[in-house]
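Pasting the structures in now, so scroll down.
In the two assemblies presented below, subunit A is common to both, partnered first by subunit B and then by subunit C.
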Partner chain A sequence: MTRQAAFAPALAGSAFLLAGWSLLAAATADSQLIAGPVEVIAWIADNPGLIGRALAVTLRNAAAGFALGNLAAILLAAVALAWPRSLNLISGLALVVFCLPLIATGPVLRVLMGPGEGPQIALAALAVYYTTLIPLLTGLRAMPAAWLDLVHSYGRGRLAELVHVRARAALPYLFAGLQIAAPAAFLGAMVGEFTGAERGMGVLTIRFMRAMDATALWAIAALAAAVSMAAYAAIGALARHLSHDRPPVILAPPRPVAGSRAGKALDGAVLILAVLAGWWGAMELLGLDPFFAKRPWDVVAALAWAPDAAATRAALIRATGETALFLLPGYLAGLALGAGLATLLTLRPGLALPIMPVAVALRSIPIVTTAPLIVLFLGRGATGTITLVAVMVFFPTLVACLHGLRQAPGQILDLFRTYAAGSLRQMIHVRIPAMLPALFAAARMSVPAAILAVTVVEWLTTGRGLGSLMALSASTSNYNLLWSAVVVVTVISALCHAAVALLERRVLRVYAPEQLRR
Partner chain B sequence: MHPPSLTRRRLLAGGAAGLLVGQAGLRPARAQARTAVGLQLSWLHSVQFAGSYIARENGWWQEAGLDVTLLQGGPNAPVEPPVVSGTALVGISAADYTAAAVAQGARFRIIGVAMQKNPFVIASLPADPVRTPADLMGKRIGMALANRPVLQALCRLNDVDFDAIRIVPTQYSAQPLLAGEVDCLLCWETDLPVAMAINGIQAVTMLMADHGYALHSQTYIATEDSLATRRQELVALMSGEARGWEACRADTDAAAELTLRMFPDAGLDLATQKLQAERQLPLMFSDLTDQMGFGWWSDDGVAANIETLALLGHEVTPDLWDRSILEEIHAG
Partner chain C sequence: MPADPRARAEITCTGLGKVFAGGIRAVAPLDLTLAAGHTTALIGPSGCGKSTLLRLIAGLEEPTQGQVRLAGLTPAEQRRRAAISIAFQDPSLLPWLTVRGNVALARKLARQAPDPALVDGLIGLVGLGGFADTRPAALSGGMRQRAAMARALVTEPEILLLDEPFGAVDELTRQQLARDLPPLWQPRGTTAVLVTHSIHEAAMLADRIIVLSPRPARIVADIAVPLERPRGPALADDPAFRQILADASAALALGDAGSPPLAAQ
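This part shows the complex of A and B:
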């Protein structure tokens, strides 16, 4: 492909996005919610210093968080592979840390790290490491057993296996993780600025929101989206550059689900103990004041025998019920949308031009900017909430599945082509089965993402459920209730994650048994 | 209490002290270490905290031996944790937040009250205005659900049927009002109505403080521990605040200009900041503060606050307020 030929579709995609944006702005002109591209460009031209400095600060923090978060994910994955017994512990702890809501971690990070850039970088890193870790763990197992046997026949151990075989096989999955991470890091850095940062795009978002300056608000949104799209495209180009091997045929014998029931119970107990010890130990070690950094014991007391324990439990149960109502539909809708779009884009690659920029934009524009729009179109009822959750969930699924669909083994596709089997037939019999590990990785990492999305939406629009309860308890210094809610969110995430993992084992036992070996 | 009178003896003493200080200033030993303290603001930088900026800009804190860091707030930056942890010596809070934190075991005292009148208003559009609490009946109000107790208290104070008002949970923005999604908003006199005015929309505002909602806002809080061990720093900090706010009152436009100069990256608009300062200052000064000094409160004021706090579900005693720092500042 020549250079011009590569740029033409990108230009066409941008033109499509700009046209759509203009139309939307014109259609909603009365509501003063959206500013069109012309106004936005004029605003940026008028305020280059202000927006330039803010962009530089946020971009720097996002880049630092992106690097740290992904490095952490790679290290964790390497440890889990080199020492398989730690796999459950590592992925369990990673899930728990990812579940911690910003509203609980923000003040803690700010007190620990002071007024500088620390919390923004930390929150950007926290926003990305999990969505890299999960695909990576999948990728590190996605290879024919013969390759590993070859390493073993030379008498080499797990480390050589990791370096020579697994790392290479995992590359496409790693790049999927990095592509998902790019917009997440930028958004994480912006939201991190809500914890009292001095400057940056997030600070300006809050300011312009209150000042009803739709033009400035959309200028920020446009820049955030543009940065994310550029990073997404650059990582994609790097991925294409580095992985030209055709995906191998992975043949592995189906095997029974590993591990006894007692072994699993033991794993669970070890994980729970590690979480409690880590929680307590970290807070003690850092000398965090128990007024706002509640220990496990405080939460148990608040739920079991404090004078207002019954009220606390009732509030939590009611909020959990309200949250659950939106969680499952939003999660499933997001998954279906992501996987469906990925299938569609693989069948009709031309559609990627208009769809991918919109997908990246949706993921990278702060929800505080988009929420009023969705409320305007769909209202504050269930439809609006579920749509918002689905919007926040579908992107990781889409990216993971796109990469997964590309993992269809070349020889088998050749075989199908030899028999003149159409692309739909190839999709059903080859690509979708090849995508399943990626789909389940997406399903697992979307569990905490969906729960965090629901809580944010509740806080912003419906004012019900756990999200609203957490915001309320933080504003009234009821940190016992806040940390209890954090525990509830974590437990729900862990349970849903376990349910997905169970389903995953049943399906992959047939379609991708290599994922189940240790 | 006697207002300080200027006697000849005092003038001479002051002059002598001035000379001594002047001489000390010439000596190299002047480079004494200043104490670093933090002041945790309750929100993003804006003219809302102009008094602090004026104090810092004029070096009034430095003269008193303090090196003050102004810690910005934000939507996810509660004031109480940094004050409890000692990251900030003083925080800017409000009586209801402080009461809630004290109920949860924090040992805070209110040591000064910047906003004598609570800034909460009900903002509506002239076509369908809310001018008295009774007008609220049958209206849709946009607000954060967290403020439900505030509206409930207003209704109780004015015998309005709370259930006759429909609450729509909205983001803190005037947009739902302008889009016709709600009839009125619960907000601050100094933010959303100012934004609307700058956009050419004159909103009708009903100040809740004029209808019995007595609640000290923008209050300075410190821990009992600091009050016991770091009095000198507290006095110096609050003294700078008092001076800063008096200067702000004298020229609100200059205060707005200083705010923009100090925070060029905050995305502030000069006209907005000027209008905001103009609307904020009347809430901060009263006959009482003219007589007793910035930040003061009366026992009657505390009693009224305790009543409002009870309506909001907070039980507090007058011990929550500690006037000793202000007494020290305004006595001299």
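This part shows the complex of A and C:
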């Protein structure tokens, strides 16, 4: 791809976005809910010092978190490669940490690390390491066995494998992960700032949301989007410069080390033990005050036999129900819309010209930072929350499904054309089955993102559900409830992720068995 | 390349057998000695275990029974000496390296000193002279096979293992490669094992043809090919050549019918 060709979709996307944004602002000028690009630029020009300082702080924290999180991912991938037996434990632990609700980890880290920049950096790191680790684990193994046999046939071992084959083969996967990580780091830093930092874009967001200042909120969202898109584009350009292969869009699930049923049960038990030991060990090693740094058995006690255990359980169950009510429709709507639009765009390729650049541009935006805007626009009720969850799931699904639809084997399509089968029949019998692996990969990776979206909206605005419960318990110093809520959200997230992954493996077994091969 | 008298390794398989996980027996226990400096073709129906036998000889699979010795050493020891080269059915070129980079990589992996002259010489000999700086994606199937052959030969191996290396190319290229490539290893005294399902290719290239039964691989026939080299298209009219084709064909049919083996096991 030439330099011009590479930048054309990004430019076109930005132009479409700006045009759509201006039209929407003009159409809803009376409501004063949407500030158009001109007002936003004027606002930024009027407040250069304020926004510049905030942006610099958030950028610094996001960059530090990006570096630390990706370093951790690369180190973990190296350990999993050097010691394959540890793969299940590493990917399991990584998933559990990824499923920790950022907005609860935020207040907990705030309490643990104090008012400085620690929590923002830690949250940015937590937001990126998983999206880098998983592609990397896949990429380090995504190669024909013959490439490794070639290395072995000259009597060379794992180090030569890594140097001559695996590291280079993993490069496009690493870049794909880094690209997703760039907006995620910015999002993590902003969520960290929501939890009570002194400076930064997140702090300004909270302030302007309380003041109902729509123009300022749009300016912040636009800047966050612009920074993320720039980082996304820069990493993409670097990837094209360093690696000739196109970065893969769709990623197979990390393949567990094959083993018996008993072995898998043992792995599960080891994972749970490792999580509990890590949790307890970190608290003890850091000598943290048990008043706010709860240990595993504190949570068990709070849920099982403490005097107010029944009340805690009831609060959690009610909040979980409220969250599920927003989460499930939003998640399913996002998947259905993403897959549906991808199908439509494949059937009517002409439509892709205006829609695809917008989708590519929006994919790079930390969508949760626009939560206050969506809620401002659609209200604090169910519509706003469900929409946000759907939007969060929609874009990765659309991009993955479009990629999947293109994976339909050309020869089979030719076979259908030979029998004069129309594009609808090709779609139903060839393209959609070919798309399923991509759809399920997107569905799996979207689970924690959807949960993050719903809890952030609940926390910032709706005052209901697990997100609100966590915010409330943090502000009232009810740490037993806060930690219990963190455990509940993590377990739900991990279970949903595991359920989708199980479904995905069943689909892959039929539609893409090669992805399950070692 | 000058003949190198040291480069002569006999291959001995003793009671060699392989059962894969799940109980699939790929290779029945077999005894086999392949003379040093000769080219032996293993032929048999698809899925009969001939590639597994080759991978056992290379040490890329561990036998479940018996052993392989290459000039008295284990495959692992010979690989550490960089004495083995293998060319796969799929050319398996690394897509991010040019033809020259792919060929030179083998010397790097074999811990041999860089030899740009040898690398470029071999690229020229396999007919890719103008394509040394081209990446595999821009090459045809036959050109990739040639590049893979240059890579297999660049370490000047004592043992050359060829797993259907001309399987993915058209008939004309196949004949060209079968004619052009053996002179690159045979004068050096390299011991070569060729896996193929083409009787014609086996008779053109090999000094000896071993016919294997359907899985698990057992030896059905052991046919000598005492024909002069170089072997060209004119051989097609040679009665001895045609007799060899007929013998191999009959042995394949016999093996397929599940008849008892004709030759030593």
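Just so it is clear, the second predicted complex is superposed on the first by the 344 of 518 C-alpha atoms of A that agree within 3 Å, B and C clash if a C-alpha of one lies under 4 Å from a C-alpha of the other, contacts with A are read in each partner's own complex, and residues count from 1 in each chain.
We adopt the following convention: a residue touches a chain if its C-beta (ideal position, glycine included) is under 8 Å from a C-beta of that chain, and two chains touch if they have at least 3 such contacts.
Everything numeric in this text was worked out from a predicted model, so none of it was measured.
A.B. asks: Between subunit B (first) and subunit C (second), which, if any, makes contact with A:302: first, second, both or neither?
C.D. replies: After superposing on A, A:302 lies clear of both subunit B and subunit C.
A.B. asks: Who wins on subunit A residues touched, subunit B or subunit C?
C.D. replies: B
A.B. asks: For A:239, using the defined touch cut-off, is the partner it touches subunit B, subunit C, both, or neither? Pick first, second, both or neither.
C.D. replies: Neither partner.
A.B. asks: Quick one: classify A:187 as touching subunit B (first), subunit C (second), both or neither.
C.D. replies: Neither subunit B nor subunit C is touched by A:187.
A.B. asks: Is A:149 in contact with subunit B, with subunit C, with both, or with neither (first, second, both, neither)?
C.D. replies: second
A.B. asks: Mind working out whether A:54 is in touch with subunit B, subunit C, both or neither, as first, second, both or neither?
C.D. replies: The first partner, subunit B, only.
A.B. asks: What is the contact status of A:208 with respect to subunit B (first) and subunit C (second): first, second, both, or neither?
C.D. replies: Touch partner of A:208: subunit B, not subunit C.
A.B. asks: Could you look at A:125 and tell me whether it touches subunit B, subunit C, both or neither (first, second, both, neither)?
C.D. replies: Neither partner.
A.B. asks: Taking the contacts subunit A makes with subunit B in one complex and with subunit C in the other, which residues are shared?
C.D. replies: none
A.B. asks: Taking the complex as given, what residues does subunit A use to touch subunit B?
C.D. replies: So the residues of subunit A in touch with subunit B come to 30-33, 49-50, 53-54, 102-103, 106-108, 110-111, 114-115, 191, 193-199, 203-204, 206-212, 216, 288-289, 291-292, 368, 371-372, 376, 380, 460-464, 468, 471-472, 474-480.
A.B. asks: State the interface residues of subunit B toward subunit A in the complex, per the touch definition above.
C.D. replies: 44-45, 69, 71-78, 80-82, 84-85, 87, 97, 100-101, 103-106, 144-146, 168-169, 171-176, 178-179, 191-192, 195-196, 198-199, 264-269, 272
A.B. asks: Of all residues in subunit C, which touch subunit A in the complex?
C.D. replies: 55, 58-60, 76, 78-82, 84-86, 88, 90, 92, 94-96, 105-106, 108-111, 135, 155, 161
A.B. asks: Using the touch rule from the top, collect the residues of subunit A that touch subunit C in their complex.
C.D. replies: Its residues touching subunit C are 144, 146-147, 149-156, 160, 164-165, 168, 243-245.
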